[in-house]
Amino acid sequence: MKKRIIDLVTVLAVASVIIAAAVVGKKIAKKNDLELIGSILKPGEEYEAVNNNKWLILHESGKVKDCIYSGEGRGYNGNVQVAAVTDTAGIIMSVHLLANKETPSFVSKIFRRNFTDRFKGLPASDLAGSEVIIDAVAGATITSNAIKEAIIVGYSAGEGLKHNHSFKINAGWPELLVLLLFILSVLISIKRLRAAGKYLQWISWGLSVIFLGFVLGQPLTLPRFITVFTGYLPDPRSELYVLILPVLAIGFILISGKNNYCMSVCPFGAMQEILGAVGNASEIRLKRFSLVKYIQWGITLLAVIIALIMNNPSIAEYSVFGAFFQLTGATVIFILLMLSIIMSLFFRRPWCRYLCPVEGVMTYFRTLRRAVINIFRQ
Amino acid sequence: MDKINRRKFIKSAGLAGGALSLAGVAGAGYSAGADKDSFTGYGRTAYGEDQFFNRKPFLVDKPTYVQEGEPVRITSIEDIFKRNGELSRLMFSRNGDQPAWKPSDGLDALPGYLRAYYQANPGAFDEFIKAMQKGREQRTNWDKYRDKYFIADAWSNAHSSPIRGRSSFPAEPQGKPEESDFRGVNKKRLKLKSPRHGSELLKKICYSFGASLAGIAKVKKEWVYQGSLRGIGRVDYEVPSHWKYAVVIAVPHEWDSMYANPTYGTSYDAYSKLRFIAGKMEVFIKELGYSARPHVPPTSYDLVMPPLAIDAGMGEQGRNGILITPELGANTRLAAITTDMPLEPDKPIDIGVSKFCKKCRICAEECPGGAISFKDTPGEVIRGYRRWKIDQNKCFTVWNSVATSHARGCRVCLSVCPYSRKNNWIHNFAREADPRDPTGLLASGLLAMQKKFFTYPGGQEYLPPPDGNNRTFGEAPGWLRTEEWFDL
Amino acid sequence: MFNNSNILEPLFWIIMGGLYTVFIIGLAMWLKDMKVKMNWWKWSLTLLWFILLSITVAGGFTLIGENELRAGLLFMAVPGAVIIVAGVALGRFLLRNTNEEKDN
C-alpha cells in the first residue's frame, strides 16, 4: 500500500520536474534570424530579405552583390543552422554557423578543421543535386552531413525549389544487429534454454562489444533520451539504429518490466561482463547500497534538468562510452573509464551499478510501469 | 630462521626492483622525449651518424611522383613572390609618379604575362587584394602583440639580417650563367677518381658546412624556371648545358620554435643557414675547378627545389607540397648548387609518404587559410605531374594575417605533419616500421593515435581574434617567451 | 636518463640491469612460495607481459617529455588498460592450479 503511493509520487514528481525544466528551456529566447544573419555581414553592408531562407547583400549602389541562404540540418543531438554566402552566380563563397544545438565539440571540430572550405567554389545548385561528395570530418560524420544538408535546404527553400528529401530509409546491418541483439536478449532469458542460453549470452555480448561498441560507437546515452523527449529525432536516413535503440529499450521495459538493454544489449555492460569473467569478479554488497543508488539517480536527474534548461541535450553527456569506444572525451571521463575498467575486473558491473545514467532512466520507466499497473490493480 | 629472513628479504627486494625498474624506464622515456639533442639535424657534430635514416632498403628507380602528359617548365610568374613583386611595382609608385596600374583599370589593362596568370586563375587577384587588406590589419594589430612576440620578432630579424640588402651572401649572379657560374673557377683541376668520389666528397663537405641532409640529382629541364633568369631578368631561355647536376642540401628550422608556429617561429633561421652552406659550396666547387651556381632561399632560385630533392633521394612530396624526408619530416628547407662537376646522382626513395598523405589530411585541417587540398588522391595535373594543389595565394593571405610584425610566414603545415618528429626510440620505431609494413595497418593505427591522442587546435585557431585565438601548434620554448625575461 | 653524461648514463643502465635481476629472482621466489609451477613458456609469457608494460610506461613518458601531456597519458591509458586486463588474466591462469590445491 505504502510502496505503491511512494512509486506513484516519485514518478509524478520526477515527470513534473522534467517537464518544468523543458518549459523553462524553451522559454529562453531564441535569437531571431535577422540578428543571426546580421552577424555575418561585414560592417557597412546592407541586406534585404527575399524570404525566410534567402537574403541579398547589396552594394552601395543598390546592386546585388552576394546572396545568403540559411537552412537547418539535423545533427546527432540537435539542429545546426548554417548560412551559405554565394555570389550572384550561386557559387558558394563561405559557410557560417548561425545557431547550434548539436554537440558543441562536434561542431567546433568541424569549423576549426576547415570543413566548410570543402564547399567553397562549388555551385550551391550542384550540392542540392547531391552529385557532389563531400568527405565528412572524421569523428563527426553526422554533423558534417547536417551542415551539407543545411546548405541544401537553405538554397532550395530560398530559391523556391523543391528539395527532394529522398525519404529512402536506409536500413542496413546496424538495424539488423540491434534487432538481433534484442531477440537474443529474449532468448537468453528463457529459463528452459539454460545451457544454450549461456552460449547465446556470450555471443550476444561479443557481438555487442565489437559491432555496437567499436564499429558503430553509439550506444544509448543520456542525451539520446533527452533529445527523443524534446521531440528531436536525428535524421533517420543516416542512422536509423540510434532511433530503434531507445525505442526498443524502453518498449521492453514497459512491456515486460525487464531491463533487456542493460542486461545484454549495451556494449559497455557487455564489456564489463567480459572483464569480470577475465578477473573472476565477485558481487559486492555495499551497506549503504540504496543511498549510493539515490546519488546515482540524482546526478542523472540533475544532468537532465540542466540540459533541458540550457536547451542543449549534449551537455548531459557524462558517460564513458565515447571515451571507451571512440577515444573522445575530457580527461576526467578517461579517469572514470580507467577506474571502471580496473574495478570491473574484480567486481561485477561497477559502472552500471554506481555511475551509469542510462540505468537511472531505465529504473524510472520500470517504476512508472509498476505504478501504472498498481493503479489498475486497485 | 636466518634462511627465511633472507628469503623474505629477496622477495620484497624483487617487488621493489620491479617497481623501481618501471620508474627507471619512465625516467629514461621522459628524458628521451625531453632531450634537445634528439632533434634530427641538430646532432652533436655535423656528421652525427645516428641522425641518418638508412635509405638502402627503400631505394627505387623511379621517383614516387606521377607524371601525366608532357611536363611543362614553370614560368616565373607562377611563383607568388615574382608575381606579387611585378604587381606591386605596377600598383605603387616608386618616386611620386602615377602608379602604372590600379585595380579599377581591370585585369585587361595588365601587361600580358600577368594578365595570363590572373585569367587562368580566377579568384587569385581577389585573394591578392585580400592579402593586402589583411597586411594592413596585421601592421595595425602589431602594437597589441609586439610585447608578447618581442623576442620571437627580434630573433627572426636577426636571422634575416644576412639576407637583406646588396651585401647578402652568396651574392646574386651577375650576367649570363655562362659567365657568372664560371667566375672565379680555379684553372687548375685535379683528375677526379670517379663521379662517385665526386658525389661522396661534395656531400661530406656539405655536412661539414652544417647541412643536415645532402643529395645529388641530375638536373631535369622541367624543374628549371622559364621566363626569368637571375643575373639577366625577364627572358625565355634554354637550360644552360653546364647545369648538369644539382647538389641539394636541406636543413630544418630550429625545432622548438618551429613547433610554436605560426607566431614564434621564423623561416629565416633555416634560410640564412642554407645561404651560408650553399654560398660556401659554390666557392668550394669553384676551387675544385668546376662551375657552380647557388640557388638559395627565400627567392633566389632558378630551379624548383622539392622535385629536385625528390630526385636526389632525400624524400617524397607531401600533401602540403613540401619535401618530406624520413629524418626531418616536413621541417625541411632546401637549397641547391648546380654544377658541371661529374657526379653520380642518388636514387630516389619510396618510404610511403604519398600513400600516408592520402589518409592523413592533418595539414589540410590545420592550415589557417584552407590552402591545402582535402582531396582523397592528388587531384590535379599541374605542368604534367599529378599532385595535390596548394593554393599559394591563400597561403600568402595567412602570412599577412597571423600575429607577426610583417608577413613573415606561417609554417603550420610543417609543424603538424606527423613526419616532423624527434629522433628518439618511439618515433624511430614508426619511421622504420611503417615503410616496411606492406599492409598499411600500422600506418592507419599510428594515424588514429596521432589524431586521437595529440592536440590539434584546428586551422582557424592560429589566426588572431576574431577569427581565432593566436594559438600555436606546440608550446613556445621558454627562451622565446618575452614574459620570462622582461618585465611587462 | 642522463642523456649528456658519459658517466651517469652507463651507470644508470648498470643499475637498471641489477634491478631487473633482483626482480626476476624475487619473482621466482614468490612463484615458488605460491606453489606455481613455471616452465619456459610460462616464464616467457610473464616476462613478455612485463616488457610490454615497461614499453608502455616508457612510451607514455617519452611523449610527456616531448610536452605532449595528453598524448602521453592516453598512450599509457589505452594500451595500459589492455595490459592490466591481460595481466589479471595471466595471473589467474598461473595461479589456477594452486587455487584448486587449496580447495582440495
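Which chain is which? They are A, B and C, in the order written, and residues in each are numbered from 1.
Simple rule for what comes next: a contact is a pair of C-beta atoms (placed from the backbone, for glycine too) under 8 Å apart; a residue touches a chain by one contact, two chains touch by 3 or more.
Source: prediction; values computed, not measured.
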(request) For the chain pair with the highest number of C-beta contact pairs, give its two chain identifiers. (result) B-C
(request) Averaging the CA atoms per chain, pick out the one whose centre lands closest to the mean of every protein CA shown. (result) B
(request) State, to the nearest whole Å, the distance from the C-alpha centre of subunit B to the C-alpha centre of subunit C. (result) 42
(request) Using mean C-alpha positions as chain centres, tell me how far subunit A is from subunit B in Å, no decimals. (result) 44
(message) Going by the contact rule already set, what residues in subunit A reach two or more other chains?
(response) 327
(request) Pull out every residue in subunit B that's touching 2 or more other chains. (result) 452-453
(message) Which positions in subunit C are in touch with at least two other chains?
(response) 70, 74
(request) Using the touch rule from the top, collect the residues of subunit A that touch subunit B in their complex. (result) 108-109, 111-114, 117-118, 120-121, 135, 137-139, 327-328
(request) Over in the complex, which subunit C residues touch subunit A? Could you list them? (result) 70, 73-74, 77-78, 80-81, 84-85, 88-89, 92
(request) Within their complex, state which residues of subunit C touch subunit B. (result) 1-4, 12, 15-16, 18-27, 29-30, 33, 50, 53-55, 57-68, 70-72, 74-75
(request) State the interface residues of subunit B toward subunit A in the complex, per the touch definition above. (result) 123, 364-367, 370, 374, 376, 451-453, 457-461
(request) Name, in rising order, each residue of subunit A that touches subunit C in their complex. (result) 275, 278-280, 327, 331, 334, 337-338, 341-342, 345
